[in-house]
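Multiple structures are listed underneath, in structure tokens.
You will see two complexes here that share chain A, one where it goes with chain B and one where it goes with chain C.
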Partner chain A sequence: MGFFERIGNLDRRWIFLLMGLAVAIPIIIIDVTGFIPPELPMPKAKSTFQTLDDLPAGSKVLLSWDFDPATEGELGPMANTFIRQCAQKGHKMYFMALVPVGAQMIRSTTSDVIGTYYPDLVYGEDWVDLGYKAGNEAVVKTLVTDFNQMFPSDARGEPLSTIPMMSGIKDLTAFDAIVSVTAGYPGCKEWVLFASTPLKIPTVVGCTGVIAPQMYPYYPQQIQGLLQAIKGAAEYELLVNDWVRRDQFRNTLLAMGVEVSGEDSMGDLPSTSEELDAWAGDHVGKGLTEAQATEVRGFASEKKAELVAPVDAPEPGLFLEAQKRMGPQLSAHILMLVLIVLGNLTYFVTRRRGGGR
Partner chain B sequence: MKRTVPLIITATVGLLLIVANFVPALSELSEDGTTFFSIIAAIAFVLGGGSLLKVHLKKLSDRDRGWAYSLIVLGSFFVTLVVGLFKIGAPPNPAYPDKPWAGGYNEPGTFFNWIYEYLFYPLTATMFAMLAFYIASAAFRAFRAKNFEAILLLGTAFIILLGQTAAGPALTNWIPPDGPFAGLRLEELSAYVMDVFNTAGSRAIVIGIALGIASTSLKILMGLDRSYLGGGN
Partner chain C sequence: MSRQAIGVTVVLSILAALIVARSLIGDGSGRVYTRTVTTEMVEVRLPASDPAAVDEEQARQGQVVTEEAWVPVDSEEAKKYASEGAATISWTSRKNVPYSQVRASPDDEGISFSWSQTLGIWLAALLTLAIFSFLYKDNPIYKTAESLVVGVSAAYWMVVGFWDIIIPNLIGRLAPAFVEANFTPGLTDLEPQWRYLIPAIFGVLLLMRLAPKGQWLSLWTLAFIVGTTAALRMVAYIEGDFITQINATIEPLYQVVRNADGTTDGYATLWASIRQLILVVGVLSCLTYFFFSLEHKGAVGKVARVGIWFLMITFGAAFGMTVMGRITLLAARFEFLFDDWLWIIDPNKQREVASVISMITG
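Right after this comes the complex of A and B.
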């Protein structure tokens, strides 16, 4: 039996083993070395970020976690990043779910992000968990006209009338944006058809790779941002991580009495005291006045160290998850391509020899 | 009577919801219709539970092939139902310390949460993860360039599979991003395929589905399609 015949009769358990290794080895390498595959944010990820960034601090954002543990690997990282951007920006977050286990997804993501990295946010004032409601698109349709009818209480059983951030919420028009993280039905499509399109509410969607092709026709008129599976999540994560660093740098400077004007005026952030002096000099007229630059250059060395420390600080692992998962995706995709090529070679060679199937 | 009454209800509610879309005065009635839908959806959970019991109890009593799986389904169903309904292990709600049943059924520490965390979560994640293995095997055995359409599909698959990873930019990094051939970079090519070909196809499918739903809905409203009532005809 020749090489191609042998390949053609390959036991599929070998393929399973190869796929297992293609996924496991990059996970181990990334974990040990900390190497993360490079990402290039594409327009859809940029517009997702921009839609939430353009809203003023304190805007009301409805986040619908319509996914389950089966798709958590694909959608969990983007859900975490959505919370991070909203929390850092100071948006009011209203969590709900159209699928039963979405309630648990809300609990785990809020606990991981808000509980660990934004413990100052107050439940009921900065974020609220409304939990799951049965009824699929009917839930969305009812929320369009009467919010309290669908949610008389939050997931903890507290009447909405006792929750400060719920005052003034009569229907969906009270919200400034909708974020839907979706694994299937019900999910983003129902939000687009019954809420965001008729009410013209800015909407961004994060969905699995299987759902994404169906959502393309709605972008950019009916949805303003679209994250496609872990690839979209990785691009969005990169954008948010970079922005958070800049925002933290800006806030630390503000706390030290220096207000940088203009969002895009930060340039490359300095990671040493010397770089900080150079940065201040370079930004005169580009966010800093001459007096502010002199003030920054005159900071004591401890103050400078405090200012530049977060710039080079390692990013928390939770906010690198999507980018890390691109490693196994890369090797798995390459394996798939090799298998397709090998399968076709085998097919054509054996067919020429008269044994093709 | 068993068929006429449901037909009348369906036609009345369906027409009302359509007309209410164009007549603001009827919007409250339309909202009531939606509320009824939500109530029925909640009742459907009970009916679903009843149906599950009926099917699996019958399988058990008949000792059908795979009856042991039915036993596991029923056991899991009842255990989850009981621990959820009776809030077993639920910590007291700090807002109502004197009310022992005020704690959430799925709070951390409850048995329900334990089932979710250590059984449901790993099982569903495993099931979904297994897709990768079967897709790889299927790609090896079935993805053949047998004709022109299959070659097109293969070419698109190559572009998307590479474009969705770091391999895409790495392989075509030599093409200047601002030059006239920037569109040939794999990540751009992948985005183009998705934005143009995929969107065109998806839009056609969506419009087709919408037309299909409209015609099926009309048939149901007019009583021409009664398949949803069951009974075989």
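Right after this comes the complex of A and C.
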């Protein structure tokens, strides 16, 4: 039996095994080497980031976690990153879920991100967990007119009237943006149809690859940002990680009495004291005055070390999950392309030899 | 024994040997440790943060207005404001501890091995492998795991349905005082709302499907559900999926994109115009394909053919996205097996000292 005949009669379980190895091996290699596959943020991920970034600090953001553990691998990383951007920006976060297990996803993601990296945020003042509410689109429809009817209390049983950040929330128009992370029905489509379209509330959506094509038509008129599957999550993660690093650098400078003015992106951040001196010189007139630059250059060495230390600090693993998962994607897709080419070659060769079906 | 059976036996034996070996190498794997944390709170009367909201009269007179609050017993507020014999409450909770911390402080009595969570990880890992076994062929182990998923899901839905729907939305409206006293402390509106008897009756009618006689009564509820859902969706779909989508499609073919300084961005304008042209051609040709009142011959047939191409590309993109999603889910399961169970990798740097890779690479 020739090569192509063997390929044509290959047991599909060998393909399963190859696919398993194509996914498993990169996971181990990435963990050992620390290599992160390069990503280039696309317009949809950029507009997702920009929509939340354009809101002033303290804006009210409703985050609906409409997914469950079955899709956590795909949607968990983007949910974590949404929380990170909102927490770093200083937005008020209102979590809710349209699917029952979404309530557990809220507890898990808030515990991982807020509990570990933003412990200073106060429950009830900076974020609140409203939990799961049954009723699918009827929930969204009711929230449009009366928030308290749907949520008399939060997920912990605390009446909303006693939660400070709930004061003034009468209906969905009180929110400055909606974030929906969705695995299926009910989810982003219901938010688009029943809330963001009629109320014109800025809405960003993160969804599984399966339903992403259904959401394309809504972008950019009805939804302002769209993260499609793990690829969108990886792009968004990259944008937020980079911005957080810059924001932390800016905040540390501010704590040291130097305020960088304007929307300067701060260029390449310095990672050594020497680079800091050069950075201060380069930014005169671009966010820093001459006096501020001189002040930065005159910092004591300990102060300079404190300022540049976070720039090269390793990113927490929690905020690299999506980018790391693009490694297995790459190898699995290469394998698929090879198999597709091989399958087609086999088909044409065997047909030419008279064995085609 | 056939060649295939021998191959499978060898693969399974190697896997089992690797798992046993992994359990014996270094610090083993798949264990969870927790720290017991005791929290003690005391009830105090603190100066009100918003005195007028608590007692407007006292606030206006300039008196100190206080309000009840629970604070940690070792806090400054407790030392300052707690009175003799004030009510206290305490509870214990368990927090997971990274293995590197366990190894660094082996004599810490606050840290203990968590049997329940360890069992959970091993169960999840073995069930994951049981589900994977379907890739070889249908087998009793896979069937058991599948039945477990279905059973647990059904049970979970029933419990959630009872506590998150029946209790707050029905019993809580009909007998709020009872619910407040037994299930949900803190309910403020304790007046029964008798109009909720109507959904209760509809609910009972739906259950008539299970009765030996009178099953037709459930049709009333089903009719209500279908009718209201259709009406609710129709309005939203007409606005969100129909009118707004038509509005988004009927745009000039020449799309001008301007820079921040008001000048035209030629490159972006070109691509935006091409995108709009493709959109319009795609919409018209796909609509032609689904227009069956004319035979698909001649010009109509050619346009319909273009529509088929657009549909095929759309389906291809959707399938590609689905494949990407499935690979991600597979990667997430492997990460669980390698990280939480086998301690081969350590993406969150929780147990570098115990991961196999660290031991190999030093």
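Going forward, the second predicted complex is superposed on the first by the 356 of 357 C-alpha atoms of A that agree within 3 Å, B and C clash if a C-alpha of one lies under 4 Å from a C-alpha of the other, contacts with A are read in each partner's own complex, and residues count from 1 in each chain.
Just so we're on the same page, a residue touches a chain if its C-beta (ideal position, glycine included) is under 8 Å from a C-beta of that chain, and two chains touch if they have at least 3 such contacts.
This is a predicted model, so every value here is computed, not measured.
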Contacts of A:E39 with chain B and chain C, given as first, second, both or neither: first
Contacts of A:P213 with chain B and chain C, given as first, second, both or neither: both
Partner chain(s) touched by A:G90 [first = chain B, second = chain C, both, neither]: neither
Touching partner for A:E72 - first (chain B), second (chain C), both, neither: both
Contacts of A:V139 with chain B and chain C, given as first, second, both or neither: first
Touched partner set for A:S153, first chain B, second chain C, both or neither: second
Touching partner for A:G58 - first (chain B), second (chain C), both, neither: neither
Partner chain in contact with A:E321 - chain B first, chain C second, else both or neither: second
Partner chain(s) touched by A:L339 [first = chain B, second = chain C, both, neither]: first
Residues of chain A that lie at the interface with chain B and also at the interface with chain C: 16, 19-20, 23, 70-73, 101, 133-134, 138, 141, 157-158, 212-213, 217, 228-229, 231, 329, 332-333, 336
Residue ranges of chain A in contact with chain B within the complex: 10, 12, 15-16, 18-20, 23, 37-40, 42-43, 68-73, 101, 103-104, 107, 133-136, 138-139, 141-142, 145-146, 149-150, 155-158, 212-214, 216-217, 228-229, 231, 326, 329-330, 332-337, 339-340, 342-344, 347
Chain C - residues contacting chain A, complex: 4, 135-136, 156-157, 160-161, 164-165, 168-169, 184-189, 232-233, 236-237, 239-241, 244-245, 247-248, 314, 317-318, 320-325, 327-335, 338, 344-349, 357, 361
In the complex, chain A residues that touch chain C: 11, 13, 16, 19-20, 23-24, 27-28, 31-32, 70-74, 76, 100-101, 131-134, 137-138, 141, 152-153, 157-159, 161-162, 192-194, 197-198, 208-210, 212-213, 217, 221-222, 228-231, 316-318, 320-321, 324-325, 328-329, 332-333, 336
Chain A-facing residues of chain B, complex: 27, 31, 34-35, 37-38, 41-42, 44-45, 93, 95, 102, 104, 106, 116, 120-122, 124-125, 127-129, 132-133, 135-137, 139-141, 143-145, 154, 157-158, 161-162, 164-167, 169, 187, 191, 194-195, 198-199, 201-203, 205-206
